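Order as written gives the chain letters A, B and C; numbering starts at 1 within each chain.
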Amino acid sequence: VGQPPHSSERLFQEAPSGVAMGLAWTALGGQTLFVEARGRVPASSESMADATLSLDATASADGTSDVPSSSSKSSPRPRNAGPRMKVTGKLGKVMGESSEIALTYARIFLRELEPKNEFLDHAHIHLNMPEGATPKDGPSAGVTMTSALLSMALDRPVKRDMAMTGEVTLTGKVLRVGGIKEKTLAARRENVDKLVLPMSNQADYLELKPYLRAGLTAHFVDHYDDVYRLAFEDTGAPMPSGSR
Amino acid sequence: VGQPPHSSERLFQEAPSGVAMGLAWTALGGQTLFVEARGRVPASSESMADATLSLDATASADGTSDVPSSSSKSSPRPRNAGPRMKVTGKLGKVMGESSEIALTYARIFLRELEPKNEFLDHAHIHLNMPEGATPKDGPSAGVTMTSALLSMALDRPVKRDMAMTGEVTLTGKVLRVGGIKEKTLAARRENVDKLVLPMSNQADYLELKPYLRAGLTAHFVDHYDDVYRLAFEDTGAPMPSGSR
Amino acid sequence: VGQPPHSSERLFQEAPSGVAMGLAWTALGGQTLFVEARGRVPASSESMADATLSLDATASADGTSDVPSSSSKSSPRPRNAGPRMKVTGKLGKVMGESSEIALTYARIFLRELEPKNEFLDHAHIHLNMPEGATPKDGPSAGVTMTSALLSMALDRPVKRDMAMTGEVTLTGKVLRVGGIKEKTLAARRENVDKLVLPMSNQADYLELKPYLRAGLTAHFVDHYDDVYRLAFEDTGAPMPSGSR
């Protein structure tokens, strides 16, 4: 069970902003599972707003407008109508819902962290989980999806060689997941050196034989705040104030 | 069947606003089932509203406005076009419908309670029921969902250590549910001390062996008004006037 | 296993802009698989913008307009609402998702390559994979679809006699695919002379008997940047700066 230094087949060695590394557990064992988030605020949304404003100015100037300005105002509305995200990667129903929870929670988290950063509210987001032919399901990529979305919105890469797993809830709780042994084996095989695991999985991890954990540093968390601190500290990303 | 003081694996010990504790009943027994509600009135709708107001003001100032101010007022309308809510947590059809009933009824209830509080009419709401991999169904989380929504809209936490179960109707009736024994066992195991149960389940509860009910205070209700009073009294939340 | 000069049944000998040649792998063996992309920026979107502007001018000029200009303004919005693409060719779910990844990535790629080229953001695009009666699935046409979309947007044909295969991710990674042997046989049969394959398939290719590879030049890539360089060099298309 030696760990040759360069045998990793991990998709990313150093990942760009918007990418986070998770751990999946399948019938065939554990494996790293990346989440890629890309997004862009459509250019038309700014110019649109301007056009609307100038119309209003004109209309009020001569006071005779019959233009239903309200509905021109409501035109940007749909942009905010909840998650606007495309998700690909052969995801099952639970993982699809997990991506929606991740987006809602990342929006809440970002609003507290950087109130002026509205990227997640306005961008068209595409979340992809390679490899597209492999079916994926379950809620345990919640923390990974949340981190990928925040990494994209902050334009800061997640700390390298860190893999994470855990269901996330709308209030940021990090819930227990399955397959800790298989995920740990996968992490070692792929030369991960930092693991972020749910606090409620601590016993599962500690009962693994020590040689299976050699070379890994595991962090146990029960709130996403701590996942975030671990994933983004020393990257220049803003840190949340206080703790819970 | 002792009740050790710190063995609870309950997801929340002290829950924030927007979270309520229910009780589920599955083939494997009873368990606590939390509902998390998060929501936000989109920023663009305020600035939007402001813009609309100033336009209307200007237009009416010179007395020539033909601005369909009703439709400018109705611009937020599409947001009200039925429940605007995302629901996650592997819910079956009945529980999905139950969430819609909860939202409609919470809106009605809030309108009577705090007429100026339009949060539930304007916010984009996301309701989540951890744990995402566990299928959930049935109408008995109705009172819990309603309470989570009201807690969010009022920004008041539900009283701690209280669990509730009951179908709710659009007129606030609280209907009988199944699994009272299993739910009671789960409540004790998770250190709940106050139960809110449908009045029509009173006999089911009272026929349980006394030691199964030790340490629990059960409240029996037939209208959501009483669920609300129990869940929010002494929290600073407004109380409904009168009774039915 | 000779290679008669004119026996190819390949659909295109010289393909126009918007077409790229891939390689499919089915139970019946390998075959070439073309992707056709056609698109057009709807006239209404320019004229719409113009019309809106001139309408506003008119409306404020004579103050009597009753035209709901607002809705003409909101009309361009939906164009940006994520991929607006029709996809045909009896594609399975994975290949459908693959086409969405290809479009998102081609948009990102084009934005870096030619920032003023907004074709992929505004056009109504139709992607077709003949032959329509043959079911197709899997992610390995990702690089081919991306190349077809870029070829269309740049109006430059892909280099002729080049076939490619590989899953593409949202960050441009090119991932391993299956059926290298069958695809190589198909490429030779169809008189392809340049192959673009994922770097992670290099071993699969090199272990093929040399006579199976005779006449083919294979290029191994791990990022779409390199697919692009190979497919469009010397065609007059702009080249990406730098490398990764």
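Here is the rule we use: a residue touches a chain if its C-beta (ideal position, glycine included) is under 8 Å from a C-beta of that chain, and two chains touch if they have at least 3 such contacts.
Model, not experiment: these values are computed from the prediction.
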When chain B is superposed on chain C by its C-alpha atoms, the rotation angle in degrees, nearest 5: 115
Chain occupying the most central position, where position means C-alpha average: A
Interface numbering overlap (same over half, different under half) for chain A and chain C: different
Centre distance in Å when chain A and chain C are each reduced to the mean of their C-alpha atoms: 28
Whole-Å gap between the CA centroids of chain B and chain C: 48
Set of chain B residues in contact with two or more other chains: none
Chain B to chain A touching residues, read off their complex: 9, 11-12, 15-16, 18-19, 36-38, 40, 42-45, 48, 51-52, 55, 58-59, 61-69, 71-76, 78-79, 84, 86, 88-90, 124, 126, 128, 130-133
Residue ranges of chain A in contact with chain B within the complex: 53, 56, 59-60, 63-71, 73-74, 76-77, 79-83, 93-94, 97-98, 100-101, 104-105, 107-108, 111, 118, 121, 138-139, 142, 167, 169-171, 173, 175-176, 200
